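In the part that follows, the structures are each spelled out as structure tokens.
In the two assemblies presented below, subunit A is common to both, partnered first by subunit B and then by subunit C.
Right, the complex of A and B next:
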């Protein structure tokens, strides 16, 4: 019974959302606001019970793991954002977080730059590697603006534009597929779970 | 009104109606278009399948995605779990999003319905939701000791006491981390877990993100990828024709459509359930809509060029 009620509510809200395709209307607005409210309503208690209690409250206050006082206090400092007078204090935990980002820099350099460069240094013995090599060099030169894009140099950089256009086309095709997949998912729900036309 | 003008001024709501019909009809009356598997999907399937029956190896599935992208990613969740349960492959599930934890529960319960012998904490273990802020300590910590880094499963049980952890210590015992998300979360696994510990990483992504992973596939940083509904449909098919038939993976067979059709005839009844075919049925509608969109683009462009020509003529006069 509860499942049936849930399906009917989900179907009603889906139709409310689809009604925007005709034009903006109160049903759409209602569903949109409800979505934001329910998302936050779900997120806050879930995080409280599954993040704050097991990782902050229980180890610190029940298991007396006092070393956690340091991150606990650093975290508490974020709340000073709500005070206009003391909001500067919240910059300290932000600074600490930025330090954590710094930890990832060497590994990111390795993963996203060095490994990618290494594959550019393979012997040009097949058509794929040759195409990737030409594409990478021509695009990199296209974004080098200290030399005018004229003559042979200009023609070579324009090859980079073609490579980028192919890339944008592939991304667009994938984006269409993604959006249609979401529509298919909702229609599958409406026809299958709600109306029972699909078994 | 001329044709070119009407093309440019067509009310977009007519296009929505045509698209809706193009989606609804193939879903109610499936056409059964063939699914052709691609290398990134086959690589992931083969990689996971290589540890079938081993107690000292497992895979990690990271469900860091929310219900908004379920139409694309949920069929992947089900297909990979079904592959693991069918081939006796140990699975760990984790999510760094609260909503992802609920999706893990849903996926596990749906697949477990058809595998009553599969037991929690023996054949699979759900680590559940872990806060986003603990992502790095957990990713890095699992390189030394998974039980210490994750500490407890979704039921609050200590990992070190669970039977599934007996032969599994760290990333050396992890065949692949499969990140299923609608974001660049897979990149984190590459940056931290792969760069430092060398663990293999693969991704299941929404189609919007799929084009971005090709550079990482080319370098081998991702050993495989499932791109959107198409990737999910391919994986569903590989599970049906190989795992459900008790067969070892063969690229040659996977690409031989006659063999594939024959293999479909022998699959058990449970593989024919709608929930395990959702992506492939969805791909029928997807194909029809793609053809329609190509037609719309061509018609729109014809209308645009005809209108340009008309205006040029007027200007010349």
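Right, the complex of A and C next:
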């Protein structure tokens, strides 16, 4: 019984959302606002049970790890963001979290620069490897603005645009297919789970 | 006091993280454990900011009787009910909380994102009108990749899936790699700017 009610509610909300294809209307607005409320409502207990209880409450109050009172208090300092007079206090927990950027310096250098360069430096004995090499170099030079893009240099950097256009086209194609598969999923739900036309 | 101390915290913790990566030792491993342990305690408190902000926006809309204020009641009611259900019956599989997730959250989210399938088509029409050779390249690459990922592409000719693979593995890889190198250098530079206090927008406020 609850499953049937659930399917009917899900179908109604799906149709409310799809009604936006006609134009903005009260059904869509209702579904949109409901989505915001339910999503936020979902994350409150989720965070409480999966983050607050195991990592803050239990170690501090049940296992008596009293040193954790310090991050506990630092966390509470976030709430000063809503005070116009003391909002600067909320910078302390933000600063603590921002300390992570120190990890970003060597990690981003390693993962997105050094590893990429290493995988690019292969023997140029294959047409595809040569194309990848030329494409990468021409894209990097395209974003080098200290020299005017004219003459032979300009022509070489324009090859970079071509490579980027192919890359953007491929990414766009992938995005379209991902959205289409979501749409197919919703249509299957309406015709299968709800109306029973698809077995 | 208001800006300098937070900036000092970022600098010190940041330098310790750099040391953690470059000087692997028990001490640096302990530092990472300590930081992660404290971050996990601090993190959950931040959700209150989001909840309070949402409630404040919609409460003010209701109070001022702003246009469409009735929908704000829907948002707040959904927020309160879902939260209460989660706290009363728990969040395990089979609870009313998961029933709400399955029958409200999932269809709403999936349908909202599937709507983009329609709008992306009209956006594609506007963007892809082959007005230049570069736009034509983008259009052709997108069409081949789309056809190559579905069975109709194979049905037309076996070349389409092969060309799709080649596009993804060669020119697309070159494009991704070139952009990734730029992004990596940008991330490194931004991280250094934050650590050294040149970039301070995360502090917010004026004083």
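The criterion applied here is as follows: the second predicted complex is superposed on the first by the 198 of 199 C-alpha atoms of A that agree within 3 Å, B and C clash if a C-alpha of one lies under 4 Å from a C-alpha of the other, contacts with A are read in each partner's own complex, and residues count from 1 in each chain.
Convention: a residue touches a chain if its C-beta (ideal position, glycine included) is under 8 Å from a C-beta of that chain, and two chains touch if they have at least 3 such contacts.
Worth saying up front: this structure is predicted, and the values here are computed from it rather than measured.
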By the touch definition at the top of the document, which applies to A:17: first (subunit B), second (subunit C), both, or neither? second
Just checking: does A:4 make contact with subunit B only, subunit C only, both, or neither of them? Give me first, second, both or neither. neither
If you stack the two complexes on chain A, which partner ends up touching A:25: first (subunit B), second (subunit C), both, or neither? neither
Which partner does A:143 reach: the first (subunit B), the second (subunit C), both, or neither? second
Please work out whether A:36 is in contact with subunit B alone, subunit C alone, both, or neither, and reply first, second, both or neither. second
Report for A:165: first if it touches subunit B alone, second if subunit C alone, otherwise both or neither. second
What is the contact status of A:83 with respect to subunit B (first) and subunit C (second): first, second, both, or neither? neither
Larger residue footprint on subunit A, choosing between subunit B and subunit C, goes to C
Using the touch definition from the top, say if A:92 reaches subunit B (first), subunit C (second), both or neither. second
Pick one for A:126: touches subunit B only (first), subunit C only (second), both, or neither. neither
Considering each complex separately, which residues of subunit A are in contact with subunit B in the first and with subunit C in the second? 21, 42-43, 46-47, 51, 55, 100, 103-104, 107-108, 111-112, 116, 119, 132, 167, 170-171, 174-177, 180, 182-183, 185-186
Within the complex, which stretch of subunit A touches subunit B? 21-22, 42-43, 46-47, 50-51, 54-55, 100, 103-104, 107-108, 110-112, 115-116, 118-119, 132, 167, 170-171, 174-178, 180-188, 191-192, 197-199
Contacting residues of subunit C [partner subunit A, same complex]: 2-3, 5-7, 9-10, 12-18, 20-22, 35, 37-52, 54, 68, 71-72, 74-83, 86-87, 90-91, 97, 99-118, 120-121, 124, 134-135, 137-146, 149-150, 166-185, 187-188, 190-192, 194-195, 202-205, 207
Complex contact set, residues of subunit B against subunit A: 13, 16, 19-20, 23-24, 27-28, 68-72, 98-99, 101, 128-129, 131, 133-134, 136, 152, 156, 187, 190-192, 194-196, 206-208, 210-212, 215, 218-219, 221, 227-230, 274, 278, 281-282, 285-286, 289-290, 293
Under the stated contact criterion, what part of subunit A meets subunit C in this complex? 2, 6-7, 9-11, 13-14, 17-18, 20-21, 29-49, 51-52, 55-56, 59-60, 68, 70-72, 74-76, 78-79, 81-82, 87-88, 91-109, 111-113, 116-117, 119-120, 128, 131-140, 142-143, 160-177, 179-180, 182-183, 185-186, 189
